[in-house]
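Two complexes, one shared chain (chain A), two partners (chain B, chain C).
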Partner chain A sequence: MPRLPRFLILAHKDLRLMLGLGLGLVQTVLLGLLIIFVFSLSLPVGETMSGQGAAAIFWLASVFGLVLLFNALYHLEEANGVRLGLLLAPISPTTVFVGKALAGGALLVLAQIFFLIGLVVFLGQSLYGQWLWALGLVLAVDLGLVIMGSLLGALSQGQAARESLLSVILFPLLVPLLLGGVKLGGGLLSGVSIQDETQWMTLIMAFDALFAAVALILFPLVFREG
Partner chain B sequence: MKVTPLISILAVAAGFTLVGAHLAIWLHAPVEATMGLVQKIFYLHLPLAWWAMLSFFLVFVGSVGVLFRKTASWDALAGSAAEMGVLFSGLALITGSLWARPIWNVWWTWDPRLTTALIMWFVYTGYLVLRTSPIPHAKRRILCAVLGIVAFVNIPFVFFSTRLWRSIHPSVITSSGGGMEPEMWQAMGISLAGMGLLWLALIILRTRQILIQERLDGLWAARL
Partner chain C sequence: MTQSDPELVSLNGVGHYFGQRLVFRQVTLGVAPGEVLLVLGPNGAGKSTLLQIIAGLLTPGSGAIDWTLEPGEIGYLGHGTCVYPFLSASENLFFWARMHGMTPAVEDITTVLDRVGLKAAALERAGTFSRGMAQRLSLARVLLLDAKLLLLDEPATGLDTASRSILDQEISQARARGAAVVWVSHDARRDVLLADRVVVLQGKGQAFLGTTTAYQQWWCDA
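Right after this comes the complex of A and B.
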């Protein structure tokens, strides 16, 4: 069996722990579905929510999920000084960053499959056959989300009340991505083609690229002892 | 720490300049034809917003300084600039809201500059929350520096994304001067200068206070 790159070994380890122990993912899916269900109560009987409203709820559930997932992912190394072991391992901090981001991204996409089902069941939404566009949009926005989640998740590691600290810091920083996700996602859920919305896609991808570079530079400063 | 009269001089100069600014605003600048007297709030709103933005830039400068030099003074500068940024942008938001109510008939509306200011207020309030978190001192300094850099890099994205969404804000600074009379510009200039002097005095004062606080904490820890 060929040897996997180190970031993949790390992501594989995190995924096994998270899925095997039922950590993080179950809470994320439950919280997201609960958010979608509660928002469905705002609709009068027989009415359907607008595509933009449904997209906003989808991304809100995703961002809450992001906070839970990255807190759980970094929590894995908190007990018994395991973090020190990771720091002493012959891997660079950027490998840890990429491994965590990859594991977080995979778990977020898994949770979003349930959120999408929630949109169909509770909010009566449809993608009008634009599955590939929706997948592209979700992956582009998720990339930015997991980059920020992996960088700032390490920032709140080991803190008391880390969920609230991470939420307060992370949410406003993600606004550009969320606006793009809501605008384009709203279009898809309304049956409108998003092929002409190149400005939004450019903005989302520029966000991904710039913050990937920033995170790779800054992560070694965040993820260290002392 | 050496006591210098700089802060006192700046504070007195700020006081006199702000009195001059109010005289210019109420007696020199003409009443705006469409909006009437309520437009006078603009002479406070714009300087508050501009100095808030400069504060956010100073947080970035201080944060980069922390990562390169790791000294307490850069961290104190970033901390005081963040406090002033939150204070000034908060006041800019309140004055903007008071201005928007009679003109746009709403307390709040979606606009790129308005929304950017609000989001940056949230971002830097989060930064201040991190600064007050119970984290070991050296680590907190690095974490805050990282957040200070990420927050500043985020500003253009927030602005462009909110502008793509939609905009109704009046464009004040344009190549044609934004339709303001020369007397209005003069009043604005004095107000900007007065607010700037006040901002500078507060930044220096808070930076020194933070440094003194750290020194006292160090002395206290050494006694224990």
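Right after this comes the complex of A and C.
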């Protein structure tokens, strides 16, 4: 096997464990679909939800899924003290951060494919052919989500109440990102062109850049003390 | 070990607290290449804490510590086995080797598993191993990394008599290739025979530091 960058080795190991054992991903998909289904019950028969409402439900499912995925990803390093092994390996903590973010991002995108199908099936939504814009939006928002998930997942590792701790810290911080995601996603699902909505995309990109910088500074401290 | 060998790690007046509780203070020692240092003391004396400080996993509350080692040159076998339970024995070793920048061949992994008596279990999930087998896999991980400083925290935990012999053999081989070993043990009478020097943590501090011969005299006097 050729020598891979170590963040890829870590991400590959995580994906193997998570996909091979069904850790995290199955629960994420089931929870997300359940959320979408429960919201579909609020609709009168024959009516479809507004694009913005459907987008809000999609991102809500994604954020709950994010909590589950990053809890599971960092839980892998808690068993048998393997975190200490990573700390002693000749790698920078950033390697762990990027590896976890990459694995979490791949799993989140996989889960979101099921959520999109859920939007079509349960909420009667359509993307009106704007697939590329939708892909760009999902990737831009997901980047911010996995940056926060990887940072805060490390922060909550080893804590008895990690699920609630991660949720309590994560959700308020994600508000700007989710606002952008809901606004632009709502436009896409309503068949409105989002090409001119540059201020929301700028907000999302600024969030990604700001929290990437914050995570690169804080992660080494957080992971070491975890 | 010779007098001219630079110490791999040296501690000067190191102390540590957990919250308000003093674990130990004023620990001063050094470890040179090819030396086996046995760490003894009663439960709660701070032996594992000392090892974690030497590994750089804990920052000492007081005093200074200096290393002449590069990152990745410390092999640490702690109370946790550093083993992923859902990966096989060989996958665990491949993973840790690659994280240390190594690209081992299958034969390298097989050889090190053979050294610790786990060759037949190479493809089995580590989570199905007994405590002793997991400990041997953890030892294999440390041996594979070819570290210059081995930190072993009660490495004999869960090992049967045959595995203890393997451990003794590996410690001797590590010393022979010039690696230093810092070894926490509760079986002083047996393990002192393999050591060059002994440090005893007791009464919130360093009660003794010296050669094994001096330790035996100190112990008799005490």
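By definition in this document, the second predicted complex is superposed on the first by the 223 of 226 C-alpha atoms of A that agree within 3 Å, B and C clash if a C-alpha of one lies under 4 Å from a C-alpha of the other, contacts with A are read in each partner's own complex, and residues count from 1 in each chain.
Please note the rule applied: a residue touches a chain if its C-beta (ideal position, glycine included) is under 8 Å from a C-beta of that chain, and two chains touch if they have at least 3 such contacts.
The structure presented is a predicted model; accordingly, all values stated were derived computationally and were not measured.
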item	value
Partner chain(s) touched by A:Val222 [first = chain B, second = chain C, both, neither]	first
First, second, both or neither for A:Leu165, with chain B first and chain C second	first
Touching partner for A:Gly180 - first (chain B), second (chain C), both, neither	first
Touched partner set for A:Phe207, first chain B, second chain C, both or neither	first
Which of chain B and chain C A:Pro90 touches, first, second, both or neither	second
Which superposed partner A:Asn80 touches (first chain B, second chain C, both, neither)	second
Sites on chain B touched by chain A in the complex	67, 119-120, 122-123, 125-127, 129-130, 133-136, 138-139, 142-143, 145-147, 149-151, 153-154, 157-158, 160-162, 164-165
Parts of chain C lying in touch with chain A, wherever the complex brings them together	55-57, 70-72, 74, 76, 78-87, 95-96, 98-101, 103, 134, 141
In the complex with chain C, residue positions of chain A that touch it	1, 3-4, 6, 9-10, 13, 16-17, 20-21, 76, 79-82, 84-91
Complex contact set, residues of chain A against chain B	148, 151-152, 155, 159-160, 165, 168-169, 171-173, 175-176, 179-180, 183, 199-200, 203, 206-207, 210-211, 214, 218, 221-222, 226
